[in-house]
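Residue numbering begins at 1 within each chain, and the chains themselves are lettered A, B, C and D in the order written.
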Amino acid sequence: MSETHETVAHGMQPEDSSELRKLYKGFEEQSLIPLWTQLGDLMPMHPKPKAVPHVWKWADLLPLAEASGELVPVGRGGERRAIGLANPGLAPNAYISPTLWCAIQYLGPRETAPEHRHAQNAFRFVVEGEGVWTVVDGDPVRMSRGDLLLTPGWQFHGHHNDRDAPMAWLDGLDIPFSQQMDVGFFEFGSDRVTDEATPNFSRGERLWAHPGLRPLSGLRNTVSSPLAAFRWEHTDRALTEQLLLEDEGEPATFGYGHAAIRFVNPTTGGDVMPTIRCEFHRLREGAQSTPRQEVGSTVFQVFEGRGGVSINGTTHKLEKGDIFTVPSWVPWALQAETQFDLFRFSDAPIMERLAFMRTHVQAD
Amino acid sequence: MSETHETVAHGMQPEDSSELRKLYKGFEEQSLIPLWTQLGDLMPMHPKPKAVPHVWKWADLLPLAEASGELVPVGRGGERRAIGLANPGLAPNAYISPTLWCAIQYLGPRETAPEHRHAQNAFRFVVEGEGVWTVVDGDPVRMSRGDLLLTPGWQFHGHHNDRDAPMAWLDGLDIPFSQQMDVGFFEFGSDRVTDEATPNFSRGERLWAHPGLRPLSGLRNTVSSPLAAFRWEHTDRALTEQLLLEDEGEPATFGYGHAAIRFVNPTTGGDVMPTIRCEFHRLREGAQSTPRQEVGSTVFQVFEGRGGVSINGTTHKLEKGDIFTVPSWVPWALQAETQFDLFRFSDAPIMERLAFMRTHVQAD
Amino acid sequence: MSETHETVAHGMQPEDSSELRKLYKGFEEQSLIPLWTQLGDLMPMHPKPKAVPHVWKWADLLPLAEASGELVPVGRGGERRAIGLANPGLAPNAYISPTLWCAIQYLGPRETAPEHRHAQNAFRFVVEGEGVWTVVDGDPVRMSRGDLLLTPGWQFHGHHNDRDAPMAWLDGLDIPFSQQMDVGFFEFGSDRVTDEATPNFSRGERLWAHPGLRPLSGLRNTVSSPLAAFRWEHTDRALTEQLLLEDEGEPATFGYGHAAIRFVNPTTGGDVMPTIRCEFHRLREGAQSTPRQEVGSTVFQVFEGRGGVSINGTTHKLEKGDIFTVPSWVPWALQAETQFDLFRFSDAPIMERLAFMRTHVQAD
Amino acid sequence: MSETHETVAHGMQPEDSSELRKLYKGFEEQSLIPLWTQLGDLMPMHPKPKAVPHVWKWADLLPLAEASGELVPVGRGGERRAIGLANPGLAPNAYISPTLWCAIQYLGPRETAPEHRHAQNAFRFVVEGEGVWTVVDGDPVRMSRGDLLLTPGWQFHGHHNDRDAPMAWLDGLDIPFSQQMDVGFFEFGSDRVTDEATPNFSRGERLWAHPGLRPLSGLRNTVSSPLAAFRWEHTDRALTEQLLLEDEGEPATFGYGHAAIRFVNPTTGGDVMPTIRCEFHRLREGAQSTPRQEVGSTVFQVFEGRGGVSINGTTHKLEKGDIFTVPSWVPWALQAETQFDLFRFSDAPIMERLAFMRTHVQAD
């Protein structure tokens, strides 16, 4: 593809001459750049991401997070002990993709990450551990294994570890989008969390986590989900039921042997936040997902089980905690050695809301 | 109000004359009716419903339903052993309001109500009993105390009683709307239910009854809820939590001492069906709801507890199972003697979608 | 269809007995009506409207309107000299259909119809004449031949005739819907119009009647069109262009030889008012529209030309000014003897917003 | 602001040690970057765009475009003789802002720019000249002074100059967004335009450019406007009427002496394309716009008149054809010496659809 472009582009280039050089100098002086010298890069035949597919092994990440816990304080200013997964194609930025930021955050025993808020949308996913509460606009939200916790844009949030053991989890944000598009605002909040209670269920859950029920005190739709915690118990049951229904011959799964749910805003049925889609996928032992290409970038973390992912023809082995990213329009497919559970997030809401989404599913 | 209108209307009436009589005869011959003789009725100052407020006592209804069980067969043709609550102001129609139909349906031991489908939207609410399964588009849905079960427009449905005891429940439909507006279609289905299984949970629940989760196999929004059963366990917990949150000083209830939820379509967060809103209200012992007037008509059934309703200034005592209707724009308020639980349905989606909704809440 | 129902219904009727009579007496005493005695009427196999197809001849209507001008005053109380077209199937109501009201309104030289407002949505269509201004929320709107003028719900409006000649036009409202559904509110306004200016273009047109342009002072969407006048000049040009494009082989018409436009709310692209759809249809000489059935009722007025309409198999000749109505689900098709122009309005927005719409187009 | 951040960030930096260096080396080996070393850049207190405000003078641009016409061929490969306005803060990219591309395109006498299509959304605005037709999905669209012409994503388009004089115009696209977000697709089309006719009005205009009217053949909403040409005649009249209405004391303008329209998709009333907002602003002689800050970036081109713009406190003189850009959250205000007409485009639909939009209007 790029060859074609270069060839064609070369084909049309004007002949060198002193007049041309003068013209190009004029362009430079006037902050102008002609299209004909760079069309192929600006407008490729299909997405040609600088971001590359990449796999981070949990076995490598966790020790570094633990070492950070020893060496790096957490507090006002740095705000978070978070280690960003930096896509090698996007260096020197700590972007896992052009839109998404993904980090391991680590909080030592009894530590507190102070409160702040920002326009950026954020979530946490807990691959293991417990004991931390994130306080979102004053509402303490327990973080436990398998849970998805939201801190949508411009809601104050801080975290505190109520236990004597450290805890690490996955952070996802739309920082690269917001940084490149110049949409970020930030405000410091309380140095400690504003509510140190450690309830089992947040107030948001007590109001909203009832299937098909909506409080009359909450009839106004919100751009992000008012439910900030999606518990593993529910996710696991939903996936389990899909596979059981498939066993019974019912059309419940996303593909054969492939159960999947999307986390949604109960006020709209749409994505939990305006820029980030969150899903959970489970493949039966031995199952494979249908190879697909999608506009936009995505990140997966293995929650449980063993398997692999084939990205653009290359297969990577995966174990619990491993994280990988697939750039825009790169084909991918999952393979399960055991029952294989993966958390997924992506920038699909951006692509869909701006009408750029395309999906290509490989025919059988 | 009507006086004013009549006076004014009289004031503008043309003087009687032979020419006028000839004109009116001409109108009659040409199927014409002048506005000036009937403006006050056609366009009142505010809604002046023919429907009247009315209370039906469960203690009266149930024995008649039981007697029907003895005397009236159920089967193809009559289709249902359903006894409509006929608003005295709308006689001779069996309409509880201009839009809504409400009936007690009764199914004897081991009886089956055959399958059919219709454009009309329908639901069942179970004030007591169990043992019947309603089969909705082939999916058997258990009916138990406190549950709301949907059969949205054009979905096949039949009921069968799996037990040796009879069961009675509340039916709600938009028959009066559909009959007056000429929108009804009907089709017979199987003489027996198409799936005689009696599972605890319908397939719809297994796919959809997970808070904030949506199956990837169900990403297309539907006009009615794909979740057909809303279980009492969830309703009760949601209401309980609202009152507990109120105790903690949080803004969770609809009014002081007044918890309330709306049953919603999880694909949109909106009403469960395009024409019918379903809600559940709970008042603390001693609490009162704020008096309000609303465009459109509504029906309540007491689920548990004792209290009263004041409608247009008249107070009615209420006990378990009692049903009452409030016509459009008539002021109403609930009073709770004990903890007071009420199921509610209304035509509010019609009023809102057509931009006719107005609400007036009495200031304290 | 009805035979089947009656037969089947008979088949399931309980045997007469003293107990049954006692039961039925109990129903009556308790304001109850059983479903099994009236299912066929309540839930027909398809819409069985009481309204009937009917044609009103302009040659009959206009003289009666003129006689009314002589005999009936216009003023506060009666409000309007409007003569309703009463569907013979809906007697004694002045309803042209279960949802729609249609009248000839007549205003003598220099007369004024006082200002008022109501929840009901209204429009005027001018089949001939000029000289009247309708003042909508203080904005004087010229009424000329071929124009559609809106007075959406709860906007004050009055009319005054600025000329020495009388004028008659078509009024359309959702009075039957609002009366049966109890949604009406009404308020008297000024006894004279609040602005007696007679500009060529209303302020609404000056702000909004620019194709594809929206004022930055009007960015909030409104349930009804902020543009209150749709001029014949534009309607005619749009229809002319569709037929020219068809001549050029482009896909522009609704059916072969059948141009049609819908009047829309420029803030949404949807219907001009929440309950009423307005359209204009033009058939080439000799063309026919494809026979179709639609849920909901509709009214047409011939604007120009000669032709006919076949309703449920019966053909009616039509000339300028003639008005006809087609009830729900009754098949209809237009035939053009000359170029044939018709204004149309219907309750389709009600049917679509409540998900009751069905359309059946007869295959060729 | 940045000082604060740096200070605080310094405050929390871990002390240097061999362990820390080892940790940082580990990060590097594992493609990880810690948040605490770069928080201030990633998440600023408010947008801190790399893009800078910049003014390009038409008097500088046009001669360079003309020289390009002499020296650079147009044809397959380079595709367009377009000269991009490169924001000095975003070098070496030819981006006028992080989301928008803006260029002068130049087509010599009788030249053709070949057909292609791309996922990127594009428009042309004509500050002067005529004689070129752009052919959009086979529909020839005349380009004349003051017109806005759309080529929404994935529609084939090419241009040809039907005259003996060259023509230059402004191109706007979402290339920077699509390039950074990896959403672009591209396809070559015909080497010549597929329809060489030069009609006054495109077929799209003939179908759609009728105020408040929608063809029944076009009832499906589209993500971009089906109307591809917005004529100066309409724009000018809309602005003129707003100022006249203001003279009459009516609330028609955007601010005092400041008329403005938005170009919209007639199927929705929303923006013409999913990523680009287009507007036209007119200030009376001597008028000023209210200073405002907005999330997202914008570009203006002076169409007629003289005046200035104050950007972040610096005032720039402006004449016909001059182009300037305002980055995200930078305050700006217009001042008119004469009647002052400006075309504007921005990425506001991106910000609004993703819920990042904020606006701050300076109080008087």
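The rule we apply is simple: a contact is a pair of C-beta atoms (placed from the backbone, for glycine too) under 8 Å apart; a residue touches a chain by one contact, two chains touch by 3 or more.
Owing to the predicted nature of the structure, the values given are computational and were not obtained by experimental measurement.
S.K.: Mind listing the chains that sit against chain A and also against chain B?
M.R.: Looking at chain B and chain A together, no chain touches each of them.
S.K.: Measuring centre to centre with CA averages, how many angstrom lie between chain C and chain D?
M.R.: Their C-alpha centroids are separated by 43 Å.
S.K.: Rounded to the nearest whole Å, what is the centre-to-centre distance of chain A and chain D, using the mean of the C-alpha atoms as each centre?
M.R.: 30
S.K.: I'd like to verify one number: the distance from the centre of chain A to the centre of chain C, where each centre is the average of its C-alpha atoms, in whole angstrom.
M.R.: 52
S.K.: Mark out which residues of chain A touch at least two other chains, giving numbers and ranges.
M.R.: Residues of chain A touching two or more partner chains: there are none.
S.K.: According to the definition of touch, which chains form touching pairs?
M.R.: Applying the touch rule to all chain pairs gives A-B, A-D, B-C, C-D.
S.K.: Residue numbers of chain C touching chain B in their complex, please.
M.R.: 5, 7-14, 17, 19-20, 22-23, 26-27, 30-36, 38-39, 41-49, 51, 54, 56, 60-61, 63-64, 67-68, 70-88, 92-94, 98-99, 101, 103, 118-120, 153, 175, 177-187, 223-224, 274-275, 295-297, 327-329, 347, 349-351, 353-356, 358
S.K.: Mind listing the chain C positions that touch chain D in their complex?
M.R.: 203, 206-217, 219, 221, 225, 227, 230, 234-235, 237-238, 241-242, 244-245, 250-254, 260-269, 272, 279
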